[in-house]
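Look at the two complexes coming up: chain A is in both, with chain B in one and chain C in the other.
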Partner chain A sequence: MASVTTEGLWDELTLSEAEYRRAGARYRQRRSFRAYLFVLPYFLPFLVFLVIPAFWSVWLSFNQGGILDSAKYVGLDNWRAISSDTELTGAIKNTAVYVIEAILLVFTLALVLALLLNRYRTGSNFFKLALYVPLLAPAVLVGLIWQFMTNFDFGFINLALDGVGLKRLNILGNGTYALLTIVLAEVWRGLGFWTLYFLASLQNIPEELLDAARVDGARGLQRFRRITVPLLRPMLLFAVVIAIIANFQVFDTVYVLTQGGPHESTSTLVWFIWQRMFQFQETGQAYAAAVLLLVIILVLTAISFWLLGARRRREA
Partner chain B sequence: MADQGLTVEEASAARSAAEFSRAARRDQLVRFGKGLAAYLVLAVFAVIAVGPFVYLLSPSFRKSFELFSYPPEWIPHSFYTGNFGTILNETSYLRWGLNTLIFATSVTVITLAIDTLAGYAFARLRFPGRTLLFALVLSTLMIPTAVLIAPLYIMISHLPDWTHSGVNTYPGMIVPMVCSPLGVFMMRQFISTLPEALVEAARLDGASEWQVFRKIVLPLMKPAIVVLGIFTFMFQWVNFLWPLVITTTDDMKTLTVGIASLQGQFVTDWGVISAAAVMTMVPVVIIFLIFQRWFVQASMAGALKQ
Partner chain C sequence: MDDVGDSSREALPPEDDRREPESNAYARREFLKKAAVGAVSIPLAGGIVGSAAARPSIRVRDRARSQFEGVTLQFAKAPFGTDEKDVIAKLLKPFETKTGITIKHTIVPWNVEGAAYATNYAGPNPYDVSYQTSTDLTSLGTKGVLEVLNSKQWLDSPAFASTKAKFIPNTLAKSNYQGKLYGLPCIIGGTVIFYNKDLLAKAGVTKIPTNTNELVAASLKVADAPNIWGFQVPMTDKDFTWYFHYHNIHNRGGDIISKDGKRATFATAPVIQATQASVDLILKHKVQPPVGQYDREGGVALFKGGRIAFLQDEPLRLAVFRKEGLKFGWDFVNPMGAPGGKRTIFSTTGHWVMASKGKNKNAAWELVKFLSSPAFANEFGAHYGWAPVRRDVNTAKGDAQVARVNRYVLTGWDGLPTGPKMAQLTSVYGKAIEAAATGNKSVRAAMAKAQADATRILKGK
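Showing the complex of A and B:
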């Protein structure tokens, strides 16, 4: 008796293949629809304020006109204008020098400090906090602080030079020193971040690996080269990419410290863009330079992935 | 190595007690010296990091012309507070501070809300185009702000008046800054580390997607939310380029834009400028010391989420 009822119920519950497929499709549709509701609040501003402006910039690099008046299509005129612009080549050169110096310096110092903090844990919290403090200051303020530090009459650096019997320097009046000041200001501000970043990466390395190497007789430097560095590689890749993207956009300190001077010797790419856009009203050229900046960043990111990611792929 | 041919007894006999203790002492000395050098290096960099801020305290309590005195006076002999008075009375400093607070807080709150939702969808929900959309988000990480500011400025300045969100308005400043790709990435990475079984169990119990998110996932995300919150807030607190472009009136400036404008207004008045710097840094350092653990975690988040 009981078995008969069950069979009947089973028949009622079983779906034909078509019905089954339709129900499945309906379920998936509802599921996707709900998922889209979750991403919509992000993607609406994302499209409007990020994707569209990016493409718009590319389009406007082929146009001419002020920021507020309507744009006029001029073909490749802007691109031709900036390609023979020595101010732009100068700005690219300055930016490249700045980026290379700043990244090499900050990564070396940060890695050394991270290794020390990783090895000597007593009191490391104090040092971590101290190194973090410059990060709390906006770059604008950092610029002002460094302007104060490099002041000819009462800046710390000149007082120190004076103290040891050397001649005072007009630091921001000299192109080479001025660019170096911007490098040092940004390194000073970023050092805490990268130290903590590398420290976190180092602490991710399993202790057993290093212990095993020690037992096998690997010396300190060997352990660093053969174990720490290869394991840090993915972290380093991320760090290099982030640092390139961030440093190529250096602007705030330039704005406060030098305004691109003296004689454009500290003019960087974003400074050039800003000047053309809002001071000279050469918006088309500014857009072209901005798109160029985007391309440079894309290419350098790709190269970093290729250089630092290649080994990883081969190992895996 | 040299001892290899000898038995244990012979070896220990060969190495006299004096020799042994000398070696041990030398070893100890080397280790002590290394430690000392390490802490010396750390101390030097700690001083370099904090020193300039301490250095600024002195001129902020002095009249500007006293800076030129020679030999330099490091400690002010009179305690002059006029610089702070100048900042408060002759500039809109407090208003700038308030603007910064409104700007950074609003961007942070909106970012947290939309990034957690999107991060959850990317980590745990299935929908067509998921991989593609996420790749799109990640690829925009590389777009420099300089590419975006002018189109954003054009957009904002063409908004009709009735929206009350044009140039020199809070919405006009805030809304274009809310779509950081990094936030979605961080949230997705974090949610991926949460046990999937938890979500499955809730679903089997008949919870809707929203309930799963609200009741199960969100409470577990507190650490990630704090970290992204600090990250976003700090990013906007130092933001300069966008507020510089989108604010033209003095009473809508943020602190960064305001501080930069002091330079023009008080050209050589370093007493006033350092007073502004001190007023800016003191509250931030206090907040930092209270929430230090989270700040440090925020900057490590990138490294830990690989």
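Showing the complex of A and C:
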């Protein structure tokens, strides 16, 4: 077979090699330009309202003022102030406890409900709607509903405890119960979303795999452990990332239900930032804490993605 | 006729203009051109509309009734009651008629006032006139967003001298920070103790307590009955508990901050003793509901339901209790004194302030002067049971109960010196009370933490 040389091919073209390359580059540039143009409507607001403020916040964390008055550079003063503030360490701890409890609880419940809805299709639309409704309620309303739920005299929880002959609880007066109430309120609110998310993921699992396992004699729990869970894992990890980001920013329920009390047991990171920023006008400290929150979320997200990637690499 | 009807043709361009695109590339180019034009023109149009909307809403008519004819002032206040907007609108009507100034009143909820004012004052069109308490006054003032009022242009002008002389000197002194007055004092609040006469009579309490020891004794008698509590006062930082406990410290001759405002004094005997007395009502004597069981409004509801003998709250409840017609006999006294000590009333001072960036400062000063004058302050103070800060203002107007509140306040008021860190220090105190009253920390440990926190805060720039 005769060898094909590039020289021969270029002879058949009307453009020289250099001209062809330039034309190719121009074409690629045009394509890229158009692509960027399409991205622009998203990218501009992203830049103006997210990237620039994020860097601006980092800068303001080394300054005093900057909102009501002009920013004054103070070096590491704000960072020193928040690092010696015991409320911040308490807020980080409370937020971590809240995030772990909320994610574990909501994912467990959502997965169970999704499995049930996936198995029993009759009337499932009604339950999907019923589960989704709390998500439509504003967070403030959710807070108020749970304020009534936990009321000492006529709240549902205490009436139920009374009904079974147990002592009523001063729920919002106890640090552990108060934090748990915030967890339950957020779980109640997010359950519908995560149930539908897991249901959609379950419905993507090929039926043939489950049928094959059934034919091989695998029981329900074995099928769940060996097929459902491994195939759900990528979706689960992604869900964990999203849930970590969302839950680390818990604020509105805290604001309505407890405002960080009693004795700072429900003070979360965003509540700490809000208080420093708006109640005490300590803007520099608020920015420093906000940057810290950003770093925590970035690190946790990176770890989650690394775990997700490691799994994929192993599978590959 | 096409299926969208004849008339649809009128909406189409003439046949000549309906040119077929030469190619897909042409169509893409056209689309991109339009997209680019849209991308530039829409934000531009938004910017133009936005900047027009952001301009101050001043409208000056050709023929002026007064120099302020047509001026609109933005006025903001956290409300003393759900009816406050109507009360203020009614009282401001003569002012608006006389001056031609229109007042736009914004209600700023108490819980978010810090955020609301910070964002508003950061913008180009701040509230021309607003209401600030002594806790927030100086933190906003020192950031330059409030007009300094003790200047020749305003408070110290010769035209205002006779009115200035009518102010109770201590109210002006307590509102002054490093020689600057950022707001004109308008009211002194205070707290009182409402009591349920029927419950006390039933429990055999014949003498109304005068100090905390007597309060404990009377509350113990009343709280013997099922579902009845002896005493209730807000106990959480969320409900500004520090505000309701501060007088206990003053009664014992102490404070949370040194006189020069440079040193925190939480870990001192008066503060510890005062807080211990409050904590004992819950944890030792159990005559008061545990922290968190009832919030401030929950406590008021219990009192209205006849389940609390003594309720410490602000005099503004007078109007509500009268209107609702409680089903039992009730009255009030000034807050309990310290055994063997003083019997004072504490409250912050309310101020009318002007924005330093305001576009209509002269009109704003006119409004501040009116709000401070008897024409407004008499009825406004009477409605909410506040004591006046000027000798020519009479908020009682023949009302025996409000007159009594005024007497209590004007003879026993011990206010809070204003300062830029005061909101933080009072919150530190509130959290310490909360920690001790839940049994989470001993009073001594809670105050030691408060002392450390406050010292760090005061050290900050």
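Just so it is clear, the second predicted complex is superposed on the first by the 277 of 316 C-alpha atoms of A that agree within 3 Å, B and C clash if a C-alpha of one lies under 4 Å from a C-alpha of the other, contacts with A are read in each partner's own complex, and residues count from 1 in each chain.
The criterion applied here is as follows: a contact is a pair of C-beta atoms (placed from the backbone, for glycine too) under 8 Å apart; a residue touches a chain by one contact, two chains touch by 3 or more.
All of these numbers come straight from a predicted model, not from anything done at the bench.
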| said: So in the superposed three-chain picture, is A:34 touching just chain B, just chain C, both, or none of them (first/second/both/neither)? | reply: both
| Touching A:84 in the superposition: chain B (first), chain C (second), both, neither? | second
| said: Quick check for you: in the superposed arrangement, does A:264 touch first (chain B), second (chain C), both or neither? | reply: second
| Can A:278 be said to touch chain B (first), chain C (second), both, or neither? | both
| Can A:154 be said to touch chain B (first), chain C (second), both, or neither? | first
| A:250 contacts which: chain B (first), chain C (second), both, neither? | neither
| chain B versus chain C, judged by how many residues of chain A each one touches | B
| task | Using the superposition on chain A described above, determine whether A:288 touches chain B (first), chain C (second), both, or neither. | result | neither
| request: For A:42, decide between first (touching chain B), second (touching chain C), both and neither. | output: first
| Across the two complexes, what residues of chain A are contacted by chain B and by chain C? | 34, 41, 67-68, 151, 274, 277-278
| query | Hey, which residues of chain A end up touching chain C in the complex? | reply | 34, 37, 40-41, 64-65, 67-69, 74, 77, 81, 84-87, 151-152, 170-175, 178, 258-264, 274-275, 277-282
| note | Per the touch rule, the chain B residues reaching chain A in their complex are 35, 38-39, 41-43, 45-46, 48-50, 52-53, 55-56, 59, 67-68, 72, 113-115, 117-118, 120-122, 125-128, 130, 133, 136-137, 140-155, 157, 175-179, 181, 184, 209-210, 213, 234, 237-238, 240-241, 244-245, 255-257, 259-260, 263, 270, 273-274, 277, 280-281, 284-285, 288-289, 292, 295-296, 299-300, 302-304, 306
| query | chain B touches which residues of chain A in the complex? | reply | 31-32, 34-36, 38-39, 41-43, 45-46, 48-54, 56-57, 60, 67-68, 109, 112-113, 116-117, 119-120, 123, 126-141, 143-149, 151, 153-154, 156, 159, 188, 191-193, 196-201, 204, 234-235, 238, 242, 245, 248-249, 251-252, 255-256, 269-270, 273-274, 277-278, 283, 286-287, 290-291, 293-294, 297-298, 301
| task | Please give the residue numbers of chain C that touch chain A in the complex, ascending. | result | 28, 32, 35-36, 39, 111-112, 114-115, 118, 121-122, 139-140, 143-145, 236-238, 290-294, 298, 420, 423-424, 427, 431, 434-435, 438, 440-441, 449, 453, 456, 460-461
